[in-house]
Amino acid sequence: MSDPKIDGFELKPGFRGMASDTGSDQTMFKGVHWGKAMMWIFLLSDTFVFSCFLIAYMKGRGSTPVEWPNPSEVFALEAFGVPVPLLLIALMTFVLITSSGTMALAVKYGYEKNRKMCGWLVLATAIGGLTFVGMQAYEWSKLIHEGVRPWENPFGAAQFGSFFFMITGFHGTHVSIGVIFLFIYAYKVFAGHYENGGKRGWFTTMKGDYVEIEILGLYWHFVDLVWVFIFAFFYLW
Amino acid sequence: MHAGIIFFLVILGSILFHIFTPWYWTDIASNWKGMDDTITLTFWVGGGVFVAVCLFMIYCVFKYSYKEDRKAEYKPEDKKLEKILTVATTLGVAALLAPGLIIWNQYVNVPKNSIEIDVMAWQWGWQYRLPGNDGKLGTTKVVNINDDNPFGINLDDPYGRDDIMVQSDIINLENNRPVKILLRSVDVLHNWYVPQFRAKMDAVPGVVTYYWFEPNKVGEYEVLCAEYCGVGHYAMRGGVEVQDPNSYQEWLGEQETFSDLLAKQNKEIETKKVAKNNSNIEKVIYKEEK
Amino acid sequence: MSDEYENKSGYQAQSSEALTGSAGSTPDMDYVRPAELPEQDLYHGHTFLTKWVFCQDAKVIGVQYFLTAVFTGIVGLILSWLMRLQLGFPGLAGFITAEHYYQFVTMHGMIMVVYFLTALFLGGFGNYLIPLMVGARDMVFPYVNMLSFWMFFVAVAVLMASFFVPGGPTGAGWTLYPPQTILEGTPGSGMGILLMLVSLALFVIGFTMGGLNYMITVLQARTRGMTLMRMPLTVWGIFTATVLAMLAFPALLVSAIMMTLDKVIGTSFFMPTILKAGEVLEYGGGSPILFQHLFWFFGHPEVYIVALPAFGIVSDLISVHARKNIFGYRMMVWAIVGIGALSFFVWAHHMYVSGMNPWFGFFFATTTLIIAVPTAMKVYNWILTLWRGNIRINTVMLWCLGFIVTFVNGGITGIFLGNVSVDVPLSDTYFVVAHFHMVMGIAPVMVIMGAVYHWFPLITGRLLNETLGKWHFWATFLGAYSIYFPMHYLGFIGVPRRYYEMYDSPYMTSAVGMNEFISLAAFLVGAAQFILIFNIIKTLKTGKPAPKNPWKANSLEWHTSTQPPEHGNFGERLPVVHRWPYDFSVPGAKDDFIPQTTPPSEVVHTKVEKT
Amino acid sequence: MDDTNQINEKDKKPVESTHKIGIYLWIWGLLFVLSFFSYMVDWYQFQGMLRWSLILFFMFAKAGLIMAFFMHLFWERYALVNVLLWPMTAIACFVFLMAAEFEYTLFSRMFYFFVGGGA
């Protein structure tokens, strides 16, 4: 396979490619759209935000001498009269992964300029995200009903409630923002803002392009990624 | 030209200031002379580098200031010189780091024969607790603290009963006997700091922190708070009196233990009960008279 | 032939031998491969509002950032005057109570570090210089860039509002250590601290928008021929600082969020059981040290966020005004990147006596002192750039020399404080205050001043008055040095910092004379800054117009179609870059400088070593 | 403007060729399977090191799949991948040190604040 080229520049593979990309002029990330590079760097920064939250949680949970509630009991749900541990969480994970899959396909069809498929898949992702937020709201209300508050909880260490509401809340905020944007972009896809060279935005110079769907996709997968970590550290620990 | 001269005078002034300064360390009164020595070492190495760099800069200013007909040298890189400088700096830094780490190792490892002292800090004051005959301090909790139990000792902890309580901001220490300072705070951050001992550590609410030193000069010293703890920070003082063993034992004997305090309180409670009964009786009498 | 050339030009900077050897005087010699991306489509404002207020031109945004930051800086300066008034002459100004004093300390620290220096270097110089220096039309996302400034503006407004709320601004020290910060009794523990936290969060959000722009502009929007290793060190410094900020501010954001929750809804992230005025508060189980870790995980990179742009800018200024290439450019770049990377592994050297796990001391002392090596290399390279140069002793160069003296001084005292057991007697004393003011207060300010004198003709088209500039420099430098050099000795005798007054200890009262002297020097230094303001006003009114490229510099910002540059920076065509920006005094060249845009065919007979 | 000639459409996005749908479906399926396994870790109440290593294994496997394929990192050039992954060393350092820190804090609390701890 011959290496692809950007006019006058040979794209070498692997680490040699890294060296030559870094040493080249104009762009370091060859062929990466500005917006996509920006989203990646933003996600890197956001990773640090979530890492700091989770590190704080680790420190808080690890250093409290009071007993930490057992998540598999706290988050159990009655199904057909039997308490199933972590049932709701499992469903939430299922929903989020489903939406991540539809998003990945939306990106694929976006690049193939398949307007219909792309639009429907983005819409499906948005609905998946909305379901997730709804389930989280249910989970919150259930816990609050059981007496768990950010400042106290009947099952043990008070920090349990604090970290739970803060971290899932912050993640939920990310999901909600994502859902809003998913709906907007679903509209934009259907309205054809990315067709025929793109539509120029208001008060700006940006022109629409299907790459925006990939950028949105990056954000959405990141939200899913964070959930993987929250699931492991919050519900399974 | 005048620029170079003024810069030179600044460097000269700095050196002279250091030589003639009336402000320098208080006389050390603990075993941490190693810290002073490391500072001195760092001072001479660092000061030497500072003076050398600045003098070289001043030399350049004199020698190479702008002339229309001269051209600067064109030499983007000098690998060899850079390598030499890197290696030399690395060695210098390592030489400064090594003694620092060695002393830190001593600082965090407390000698076995040291006596533990519980230093309790609050806004804005200090009090101290020494282990009693069993040589162990009782465990404590902030929620236990009240007028009857000023240190918050856990009542069901057997080690706590004979603890010696010094409800004063002045503590006496035995000369040449290492002490392990256990710091705790009931509200905000504090720091028990005696400049003459060099050592310090923050008192953090929610945990107990420690450090140790060995006082080696008899005398009275002032304790300062060295971590910002609110508007009274600057006035949060305490005291240390380092004594020879005999006077120290004498002082120790005069101090109250926790069980003494409890006993006294029990007595007080009984007398209070009696007084209460009496007042009830009086009330009854008063009513009847009416 | 051309294929072979392409392979080489794609990777790494070429040595001149390869170039002259292969090309001679064929037209291929000036070949730079074509643009990868189409030209940026700019949004040109037409109304006053879109042209000057909600402007999307990075240069205007840079000036907006600059002016806002300078405004906060003046507020910080006045606060420092009030503090020195109290410390030097206690009781003279009766209205400065202990509460007020601590509020001044806190606001002075926070304003100077975050809202003045960070915003000025990254928002101000970053916005103005990055697109110009890398040869871009503008930042990659001008709209987001504009939002970034206005977010910063709101953050400043919220911060300033805290002066006027009941209870006043927070007085918990700029480090905002809990439990102190949110406990009743601390000045400004009500609205003051909340506004501070909100303002910080807004700052972080605003900065993230700007920082993404700076990073992507440097990485993805350079002009043809501009490799990373041909960028001026100014861009390297600002770029690396931006990377640090993007990764460090999250920790600040997280700690601000957690502290807000502690304050508002009573969680106990940082709050252990606390006995206050005989009553046990509702808190329990939290860890104050966790906050310190989070704070310094942000706070130490923050130090370099301020220092690295200063390093970069001063390198350029020294090189231009010494008419000599910067010595060891590669080393300088790697030092900047290395310092930046290492700065994430050293944070707890601020916490040696905080009561953290004592074994951390070994790790952090080692990593901290490793940083001393690249930093020292930078200092060597600055003075080696002066060596055998042809140094113009003008105002700009004076500021650079002042920077070297103060920075080396502050750097050396940093070795004291980084070395764990040496830090024990000195931490929390005036030694620390003197150290960080010298190294990240005075030294960066020296660079800022030098940069103002250097780039003023670019921004306004007029040269600042040299005589006033020299007076300004000497008053500032000598004054600042005499504030902070003696202050180290206050630390040696053991005076703790953040003391409202020196109180009655004999060794502290021995330094009363010194404190008075320091205060007088501080008043002088503050007042001297008004020389600059006067100079700027006078120059704008009556100053002589600057010739194009008055300093005979090489980098792209001086080679725009108009000076000051217009929106879009480079007129009709983007420049094509053929060399690094440090080709000064090249043997055989006609002038003593070769601009970056000069193609090799025009300087065939010179001995250019790098491209 | 002729020397800043635009690149023809074919070369513009050399690395963004679309991928076959099969790969997405595969990864999608794998993610469900891995999530199911990590749920099973809790269901069967594994404890101790086994639990931890399983949790972490499934977590990193899922995260890796999402990043590599859904976020296209597998197909990105190393310049981008490295820029994104190296900063994680700072996080790793932070995690390890905070793990040491919480053990120390917990020890201090158990030792000095709980009866019998000081013995």
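Each chain carries a letter (A, B, C and D) given by its place in the written order, and its residues are counted from 1.
Keep in mind that, in the parts below, a residue touches a chain if its C-beta (ideal position, glycine included) is under 8 Å from a C-beta of that chain, and two chains touch if they have at least 3 such contacts.
Because the structure is predicted, anything quoted here is derived from the model rather than measured.
Undergrad: Which chain pair shares more contacting C-beta pairs: A-C, or C-D?
TA: It is A-C, judged by the count of C-beta pairs in contact.
Undergrad: What chain lies farthest away from chain D once each centre is taken as the mean of the Cα atoms?
TA: Checked the centroid distances; the maximum from chain D is B.
Undergrad: Report, in whole Å, the distance between the mean C-alpha point of chain B and the mean C-alpha point of chain C.
TA: Chain centroid spacing, chain B to chain C, equals 33 Å.
Undergrad: Rounded to a whole Å, what is the gap between the Cα centroids of chain B and chain D?
TA: Spacing between the chain centres: roughly 43 Å.
Undergrad: For chain A, write out the residues touching at least two other chains, lowest number first.
TA: 6-7, 22, 28-30, 32, 37, 44, 48, 51-52, 59, 63-64 - these are the residues of chain A that touch more than one other chain.
Undergrad: What are the residues of chain C that contact at least two other chains?
TA: Only 34-36, 224, 247, 285-287, 289-290, 293, 297, 359 qualify.
Undergrad: Multi-chain contacts in chain B: which residues touch at least two other chains?
TA: Residues 141, 206-207, 209 of chain B each touch two or more of the other chains.
Undergrad: What residues on chain A touch chain C, complex-wise?
TA: Listed in rising order, the residues of chain A that touch chain C are 6-10, 19-20, 22-30, 32, 34-35, 37-38, 41-42, 44-46, 48-49, 51-53, 56, 59-60, 63-64, 66, 150-151, 157-159, 161-163, 166, 170, 203-207.
Undergrad: So in the complex, which bits of chain C are touching chain B?
TA: My answer: residues 98-99, 102, 171-173, 177, 179-180, 183, 185-187, 272-276, 278, 280, 285-289, 322-325, 327-331, 353-355, 358-359, 361-362, 365-366, 369-370, 372-373, 376-377, 379-381, 383-384, 386-393, 398, 401, 404-405, 408-409, 412-413, 415-416, 419-422, 424-429, 474, 478, 481, 485-486, 489-490, 492-494, 496-501, 503, 505, 507, 510-511, 514, 582, 584-587, 592, 607, 609-610.
Undergrad: Please give the residue numbers of chain C that touch chain D in the complex, ascending.
TA: Residue positions touching the partner: 34-36, 38-39, 224, 247, 287, 289-290, 293, 297, 344-345, 348, 356-357, 359-360, 363, 572-574, 576.
Undergrad: Which part of chain D faces chain B closely enough to touch in the complex?
TA: By the definition above, chain D touches chain B via 105, 108-109, 111-119.
Undergrad: For the complex, give me every residue of chain D touching chain C.
TA: 1, 3-7, 87, 90, 93-94, 97-98, 100-101, 103-105
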